[in-house]
Structures are given as structure tokens and as C-alpha cells.
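Every chain is named by a letter (A, B, C and D) in the order it is written, and numbering of its residues begins at 1.
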Amino acid sequence: MGKGRIEAFSDGVIAIIITIMVLELKVPHGSDFASLRPLLPVFLSYALSFIYVGIYWNNHHHLLHAVQQVDGRAMWANLFFLFWLSLFPFATAWMGENHFTPLPTAMYGVVLLIAAVSWIPLARTLICSNGGADGVLGRALGGRGGDWKVKASLLVYALAIPLAFYLPVLSCALYALVALLWIVPDRRIELHLKHSA
Amino acid sequence: MGKGRIEAFSDGVIAIIITIMVLELKVPHGSDFASLRPLLPVFLSYALSFIYVGIYWNNHHHLLHAVQQVDGRAMWANLFFLFWLSLFPFATAWMGENHFTPLPTAMYGVVLLIAAVSWIPLARTLICSNGGADGVLGRALGGRGGDWKVKASLLVYALAIPLAFYLPVLSCALYALVALLWIVPDRRIELHLKHSA
Amino acid sequence: MGKGRIEAFSDGVIAIIITIMVLELKVPHGSDFASLRPLLPVFLSYALSFIYVGIYWNNHHHLLHAVQQVDGRAMWANLFFLFWLSLFPFATAWMGENHFTPLPTAMYGVVLLIAAVSWIPLARTLICSNGGADGVLGRALGGRGGDWKVKASLLVYALAIPLAFYLPVLSCALYALVALLWIVPDRRIELHLKHSA
Amino acid sequence: MGKGRIEAFSDGVIAIIITIMVLELKVPHGSDFASLRPLLPVFLSYALSFIYVGIYWNNHHHLLHAVQQVDGRAMWANLFFLFWLSLFPFATAWMGENHFTPLPTAMYGVVLLIAAVSWIPLARTLICSNGGADGVLGRALGGRGGDWKVKASLLVYALAIPLAFYLPVLSCALYALVALLWIVPDRRIELHLKHSA
């Protein structure tokens, strides 16, 4: 079973998710600066989510790059991950339109957390069907302290979610911090491919 | 006539169908739990439809994987199938926003039924143009009790649709049951390809 | 300049056009048959437009299949064609929501007419850059009475547009007739490819 | 790291951007000419933006055509560019619905300006990772007076933005002029590829 179509389908879904988020930037009726101002938090949350979906696309690209085979299990793991990713537009718009009030900000963190958690079975399934822990992908992701970035992200999300009910601004700062951590793509796979080449 | 573009176009359409369904999860104006509660049935019907479209994408992938040639007839059979699949967002939203009332729940079943029925000419046309009942695809799909899953699904839909006017919750349970039946992808094609390899 | 990306981009745009039309099938607030009835003309015009966009995708596929090279001129001719095709969702929704009243029905015909006209420079440009009238594509499209289907379609549209102000139902019947004429894909190219092979 | 998926993803995002802009052409409730007239400025700004996004897609196609390798830096430069491009639908709709009033017209120019500026790091990053200024891409883009079109565009945008507060119609004419300048695709790359072949 080739990986071409799973890449094409995921690219399509991720491209649509990243683009329909901009539809929440509703066109204001007035044409002065005052009518633009309430859009600022919507714009900021759009920018943050664009970065997050970009990170996931980037890592998805890296993950499948090192993969030779995709079986039925991996397809469902991929769809499971895409399902949670598809809630980004909703969570983003709710947080932005309510100007970072507690519950929407916490809910945004919950969606980030679930998406991060649903990434794990996708990576695991692909490692399993591509040589296991000793395959190229397995060694690439398992080495050098393992998935410390994944673990750190989950920890920060788990902290930021309850924090949103007291200091939602700080939660947003933490979400942005995790994004920053991931903007550097996962070079481990690239390095390993070079070493094994 | 290659199969590359029919795959790319179908991937595009299915990716858009699966993603625009989330647009029906309208952002609430309030920012408390109470404003989130009416969205629960919309979310549940979105999740069910996401699984169904995922199943169809998966099976579409499997079906075309075993195909060498696509002629004009198959293209129209594919478009005919995609047309009914494109009604999922409407049927899903109508059922979800009306909190599983009888008519929308029955209508959701009707769309499931027509999509399942329109899958049959697509499979038949592709079998015909790829060696017939004795080709790889024909033997893969015809063997071992034939399309019992297709038949069982059609039967359950036909039961669930009238049932929706009395017990819509049970109809939904039946729809979910059929989805469960299909989450295991059609391994027959994979197995046959292995055997004939 | 390869043709892969122009195919991929066109597939994407056409897939989105064909799918966003279904968004005009607005979810009704009631959950009885009465609330579904006003959607019937919207559904019918959606079905007609789905067939038309399907025809164009099919012919686009056939056209580019016989092409080896795509230059800058062909790219702009393609974008010019896609621009008019992108007006289908608007024209479809306007005709459907106004229940086939004269002006929207005429306007739908105008969009059909312009899309058909904008197809001509696309076909011409691709013929020019692929061996001219004596190339595979040129001979395939030029032989056997030439583009009689294109000419017949343009003629019928030109008749149906003014007719819409008197008998819009008849105009719709004529639009459907032209669609029927085209559902049979352009076998000339397929045949020629076989003969020259 | 291959360039296939970055092309596919960019094609998807650009195809969605160019197509969702048409959703702002809201279907009017009336069915006479009078109800169509307020849509004219929306249609005109849609046409202008369609041309602009078409230009960017064309140049993106040309740019990546000459590229062999895409690294992590180029992916982020590409996402950065796509982010600003994704603001086209918003800027287009705001300008169109307000009938070319000063602030929305100036804001449209700002989005054009930022998109043009964000194109520069994308081109630079790709040149760097593909042989630098002496590689095929570097020589193609650096020769013959360099990026005079980019510089001229930036200059015209910078003039048109403040001008919008006095003569918004003239600003729109300037935006259209820049579009005209770019409709001719960047033949430098095509020529260089031929020469080096």
C-alpha cells in the first residue's frame, strides 16, 4: 500500500483546515479603524493556529518522508489525528471572538492537548509497520532523549488549561511558547536519514 | 487513461467534504459551558459523519489501488458517488442541529443508503474495465461470501430509516454499528494482491 | 514546464467549486417535510451544476491527458477558464434560491455561455504548444466535423438566455439537454491516441 | 527532502484561497437587476484578487520548478508567505463591500505589500539551498537588472497606500497596473533553464 494517497489526502485536509480558519475573520460593516479593532484578537488567534497547523503539517511531512509503507491501521491513526486537527478552526474562532476569556482559552488548550496526544498513535503505528524500534524511523524518533518535545508540550498544555481560568493571557503565552519550541522542525529524522544513507 | 487524476480529484472532493462539515459547528456567542451544551449533538453527528467519510475514503483508496485503468464510464460512476457523498454535510448538520428528531435522522439514513447504493456501480464499473470477475479486483471482491458487508449495511439502513420515526436514538445506534463494521478496512483486496504477487 | 502542477491546481480549484456549491443548501430550522420543500429548487440547480462542473473536469482531464507541454500562455488560459467556472456557485445559488425566476435563470445561462467560450482559448493554446493542428491533440480535436458539440452548446445557450425572460422552465430544460449531450466524454482524443499508438 | 509535498500543499492552499473569495459574492435576495448592482464592486475586487493570486501561483510554480531541494527553512518561508496570501479573501471582501472607500482600499494595498515582501525570503531561501547566487535559480533571478519587477511593485504599493485616503480609485488603478506588469510570467527562469540545458 503506497503512501502517495495518504499524503495527498492529508495535505488536502490540512490545507483546508489552515485556510478556512481565515473565514472567521468576518468582514466588518464599517470602513474605519474602529470597526477593525474588534478583529485584532481574532487575527492573533488565527495567526497562532496557523503556526500550529503549519507545525503539524511540517512534522507530518517529516514523519511520512521516512516511511515506506502505510497499512490500514496507520490510515485510521491518521484520520483520528486529522479529526482533532479539524477542531482547530472552531477552537480558534471561539477563543478569538470572546477575546481570550477563560473557558474558550482553556478549551483551545484542550484541543491542542488532544491533537498532540492523537499524534502519538500515528507515529507509533508508522514506526511499527516500518521496521519497529530498530527501523530508520524508530531509531530516528527513539534516540537522543526520545520525544522530549512531545512530553514537554503535553506538560505545558496540562499546566496552561487550568491556568486559563485565572490568567488566560498567561495560558496564551504558554501556547505560543510551545509553538516556538516546534517551529524548529524535527531534524532528528533528517539527520538519521543522512547517517544511514 | 491513468488513474492519477481521478485519485487526486476524489481526494480533493472527499477532503473538502470531511472538512467543511466542521463549519456547521457554529461558534457560540457566549463563553460559558451553557453556550457549549447545544453544540454536543452537532459534534456527535459530525464525529459520526467524519468516520463514515473516512471509511469511504479508505475503501476508495483500496478500490483504486487494485485498478490499472480508468475509462469514461468509471469517471461518471465516481462523480455519481461523490455527488451523494457531498450531501453528507447537509444531512449531518440537519440531524445535529435538530437534536436527532425523527425526520432529519431518517433523512441522514437515506443519504447513507444512497451513498452505499451509488458505491456499487463504481465498484462494478472498475471491475468490468479491469479484467472482469476473473481479474484481480473481481476475484478479490467476489470471493468469500461476496459483498456481505455491503448487503448487511443496506439492510440495516433500510431498517433504521423507518425506525427513526419511532426511536431515532436507536437509528443512530444502528448507523454507528454499521460504521463500526466498516472501520476494519476491506482486507480482501490486500490479501488477494499478496496471494497473486 | 511539466503539466503535473497545472493538473493538481486545476483539480484543487474544480474540487472546491463542485463542493462549496453544496453549502448553498442551507440547513432549515424546522425538522418537518414542509421546511425541506423550499430546498427542492436549490437541490435541483445544485445537481445540474454538479453535472456541468463534472463535465468540465472530465473534459479538462481528457484535454491535458493528450498534452505534453504547458507554457505560460496555457497557464493564463487555464486561469481565465477557472475564473468563469468559479462563478458557478453564485449563479447556481441565485437561480435555485429564486426558484428559477427569469433574470437568475438567464444569468445562469450567461455563466454557462462564458465558461464555454473561455474553454476555447484553453484548447487552442494547448493545441498550439503541442504540435499545432497536425499534432495528436490538434488532429483529435479538429477532425470529424470539428467542435460541433462546442458550437451546438453555444447556440443552445444563446437561445436559452433570452428565452428565460419568457419561459425560464424551458431554458432550464435546454441547459439540461446540453449537459446530457456532454455526459458522453470526448472520445475523439481517446480514439486518436489509440490509433496513433 | 523532496519538493513534491510542498508543491501539493501550496497548490491546495492557493486553490482554496482563490476559490473561497467567491463566497463573498453573497447571493442577493431579489431577482432583478437592481439587486445585482451592489455586487459589482465586490465582483471587480474579486476579479482583481483572482488575478493577483493567479500571478502568485504562477510565480510559485516557476520558482519551485527550478528547485531541486527544499529544507526546513524553505518550508517555513513558504508558510510565512501563504499566511499573508490567506488574508486576500478578507482584504478583498472588505474593499468590495465598502465600495472602495479609503481605509479598506489602503488595507488591500497593505496586504498586497506584505505578500510581496514575504515572497522575498521564500525566493532567497530557495536560492540559498539550491546552489546560491551561482546556481541555476540564483543566476536566473539575479541577472538582467535583478528583481526590478519586485522593486517596482513595492514602490507602487507604497505610493498607492497613502494615496487611497485621497483618491482610492487611483490606488485601485495602480494595483491593477502592477497586476498587468506581472501577468507576463517570469520568463527569466524558463530562459535560463533552456540555456543551461
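For this structure, a couple of remarks:
The definition used in the following text is that contacts are C-beta pairs under 8 Å (C-beta built on N, C-alpha and C of every residue); 3 or more make two chains touch, one makes a residue touch a chain.
Keep in mind it's a predicted model, so treat the numbers as computed, not measured.
Between the two copies, chain A and chain D, the Cα superposition rotates by 90°, quoted to the nearest 5. When every chain is reduced to the mean of its CA atoms, the largest separation from chain B belongs to D. Between chain C and chain D, two chains of identical sequence, the interface residue sets overlap only in part, with shared numbers making up under half of the total. The distance from the centre of chain C to the centre of chain D, with each centre set as the mean of the Cα atoms, comes to 27 Å.
Centres computed as Cα averages put chain B at a distance of 38 Å from chain D.
Multi-chain contact residues of chain A (touching two or more other chains): 8, 12, 15-16, 20, 23.
Against chain C, in their complex, chain D makes its touches with residues 7-8, 11-12, 14-16, 18-20, 22-23, 25, 27-29, 31-33, 36, 47, 50, 54, 57-58, 61, 65, 183-185, 187, 190.
On chain D, the positions that touch chain A within their shared complex are 1-2, 5-6, 8-9, 12-13, 16-17, 20, 23-24, 72, 75-76, 79, 82-83, 86-87, 89-90, 93-94, 97-98, 101-104, 107.
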